[in-house]
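Input: structures, listed below.
Each of the two complexes below includes subunit A, the first together with subunit B, the second together with subunit C.
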Partner chain A sequence: MQWKTIFMKELLEDWRSYKWIWVPLVFILFCIMDPLSTYYLPQIIQAVGGLPDGAVIDIPETEPEMAIMMSLTQMSMLGVLVVIAITMGVIAGERKSGVAELILVKPVRYVTYILAKWSAKLLLVFVSYLVGMLASWYYVNLLFGEITIIEFFSLFLFYFVWLIFVVTLTVFYNTMMKVPGLVLTSTVITIMAMSVLNQIFSFRLPWLPNSISEHITTMLTEGSIPNELWMASAITLGLSLILLLFSRYIFQTKEMAE
Partner chain B sequence: MSVIKVEQLKKVFKGKEVVKGISFELNKGRCVALLGPNGAGKTTTLRMLSGLLKPSNGSIKFQEKNALNDIRYSIGYLPQYPVFHSWMSGKEFLMYVGELAYLSKKEANERAEELLKKVAIDDAKNQRISKYSGGMKQRLGIAQAMMHKPKLLMLDEPVSSLDPIGRREVLTLMEELKEETTILFSTHILGDAEEICDDLLLLHHGEILESGSIDDLRKRHQSPKFELSLRDSANKYVDKIERLESVNTIVLEKGELHIFVNDIARARAEILTKAVQEDWPIVKFELSRTSLEDLFMKVVQS
Partner chain C sequence: MQDFTNGSIEDLVEFLPIIAPLILIQLILMIIAIISLIKADDTNGPKPIWAVIIVFLTFIGPILYFIVGRRQS
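What follows is the complex of A and B.
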């Protein structure tokens, strides 16, 4: 099985380059950072000092739903950047270094090559994100109040749809370009542009991919899954599929050496 | 029987024809050198044959169809500067590419062991490739190209970047591999081609100028030639000799005159007569045959 061969090689490579260790750790940090610092804000302010005697600080109580959403907010900024950074060289790096010249003269199906790399990175992202969110869930339950297991997994999985899209978009640019840095820049710019579009058109088009986290907030406060969330997720998955098809097409028409 | 047949193969890069419609056939079991100076289009040709580049025109046909209908299944290719996953060990890499070519884990393991012995990196098989020397990498490169027992092994400048020892090792290895498969390798060094090859394709500015077996080419291009060296500057004799009827062309090389002639007897008489008449200070006057080196230089310089 060619797919398995490449998939296992990717996992081994990420293991030997310690990605399987640092990415989960970094994600744990991102996910627990904000809930913890919010909870301990009074103590932090006290320890830092500098407030005049008698000053009253009134910090509003934070709902557990808001606390766990803080983790997602961090994920959608720093987390997404890390996801792009670990994916930016997955194909482009091999082509730039020249290894691809050895690998792609073997009878490797291009679609297998792309999919194996895509799924290996997705697995790394999935596990790291799961570990990070579990840590956040633990602290939120401990410090702010209960998030049920159903709530947790629905927010976890819906947001993962967005991460699938980010990985796919990065892989897509990988098939177009040979320089990992360019892949990073292009992906970031695309996501920023999509976010602007989302802000302008979110009233008309409430199902753009970037709106997923807003809908998740609605889901948590209302206690049911809004239709827009289903729609946005379906569209995001559909876009990812289209990007994969395009990746394959671009890769096939591309010359592997110059 | 031919292994591969190439017809009117052409490659255009940004309006520049790098390979200008070349045609050739490679016969089974032969070792063929693709010889030419730098920039002749050797690498481009090999990359097209290996499927890394798409030809702008022309066709490449393998005589034997394989089950996958993928020419890459029938070829092994070593690029000029092979790059490996340097975090893998030599054996891991061989098994990886073997499995990519549809060997089972067990087959890949056996074949990897066999080839590691053959290319003499058995001792270092579990070391990371990043620790390998240049010669070891080149031999590992040949091993990875041979993993799936290709019908045609293509090597791009396999010895150009190696020191004399590494070079010798690779040439010996190629000598052994000739028994197993058809080899096409590019080089700009005639000596390497002459040493291990049966056939020669002489490529220059994207065109095949000469092709055939080395013996044939030698015979075909053997025109008689006199080598003449004199005690004083040879320059002033060039004109005089050129004026002689039996002399074809004359080349001055390292103070020695290479005189190409049609009729040996007549030319000898003419030159010697002249020499005696004018009392030339001759040091050496010798009859020799043109070598492939001369042919190569003639082709490349014209």
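What follows is the complex of A and C.
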């Protein structure tokens, strides 16, 4: 019951700050940008002045699988940054402005508070990401060739596991720090460090969270879900759960101390 | 010279399907950013400058405003 109240309040707040409009639009933009510009590359070159006479460049045919992976690549750079930016103040901002105290003097459990905030942001990210990827799917089917429903939803859901982790990590830093900018910086640094670790150890440990998108590429080219993808997803979800438990603990001790 | 003019008109027709959705997204983003800017009591930085950024920086302007410019009330 309390969970629902805080959850609804959070959704309402995101609506009032126009997040429910601009985040889906921006995700559509990120997702369709690369497939579109790849398809229209010859015309774009022509329009910006064309090539000198006699110059020939062969633009290789792009497979539909590669085209839709371009959307995921954009999502994992710009998309993730936007996800962190909209989540960075979710708890930190309220603690800074004192709203969190107002809520927590009432008999609201810390877990309820964190979970409600976390799920509200996750819903926003899910819907925006779904809208963006559907737009990309539409264009890829139109311009490059067919991606089946099953292929689409498996790549969509497996990649969403990574986004769940990003949201959870941001919420985790939210419970540690009061300044949204610091939350942003810490989350970005952590993700970058994890990506370095992944590059170093991906040969030995092929199931680190950052490797999910590589495995999705393998899945699309081979047509079956590799075991590493299941493992990486399970580990990513497990890590998210642990982070949530830690967030609750840290948040409680921090709030008690004040 | 004539080739060039013909080419650019054809280009325009060819570009329309890609440009149309992008223009629509940019328009909606710009309009809601401006509405939000007008309604906001306080922003990080002067309002007129944000208005210029939103209108003239395609895509990036509205996004920047939503992430950095809005101040939580």
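The working rule: the second predicted complex is superposed on the first by the 254 of 258 C-alpha atoms of A that agree within 3 Å, B and C clash if a C-alpha of one lies under 4 Å from a C-alpha of the other, contacts with A are read in each partner's own complex, and residues count from 1 in each chain.
Note that a contact is a pair of C-beta atoms (placed from the backbone, for glycine too) under 8 Å apart; a residue touches a chain by one contact, two chains touch by 3 or more.
Note that the structure is predicted; figures quoted are calculated from it, not measured.
Partners subunit B and subunit C fit side by side in the overlay (superposition on subunit A). Once the two complexes are laid over each other on the shared chain, residue contacts for A:Tyr40 go to subunit C alone; subunit B is not touched.
Contacts of A:Ser17 after superposition: both subunit B and subunit C are touched. After overlaying the two complexes on the shared chain, residue contacts for A:Glu61 are found with neither subunit B nor subunit C.
Once the two complexes are overlaid on the shared chain, A:Glu222 sits clear of subunit B and of subunit C alike.
Seen from the C-alpha centre of subunit A, the directions to the centres of subunit B and subunit C diverge by 90°, a value given as a multiple of 10 for the model superposed on chain A.
When the two complexes are overlaid on their common chain A, residue A:Asp53 makes contact with neither subunit B nor subunit C.
In the superposition on chain A, contact of A:Gly93 is made with subunit C only, not with subunit B. In the superposition on chain A, contact of A:Ala85 is made with subunit C only, not with subunit B. For the pair subunit B and subunit C, the model built by superposing on chain A gives 5 Å as the shortest CA-CA distance. Residues 17, 97 of subunit A touch subunit B in one complex and subunit C in the other. Within the complex, the subunit B residues that touch subunit A are 13, 47, 50-54, 68, 70, 72-73, 75, 77, 79, 81-85, 87, 96-97, 99-102, 141, 144, 148. For subunit A in complex with subunit B, the touching residues are 2, 5-6, 9, 13, 16-17, 97-99, 101-108, 255-258. Per the touch definition, subunit A reaches subunit C in the complex via residues 17-19, 21-22, 25-26, 28-29, 32, 36-37, 39-40, 43, 46-47, 82, 85-86, 89, 93, 97, 135. By the touch criterion stated above, subunit C contacts subunit A in their complex at residues 7-8, 11, 14-15, 18, 21-22, 25, 28-29, 32-33, 35-36, 59, 62-63, 66-67, 70, 72.
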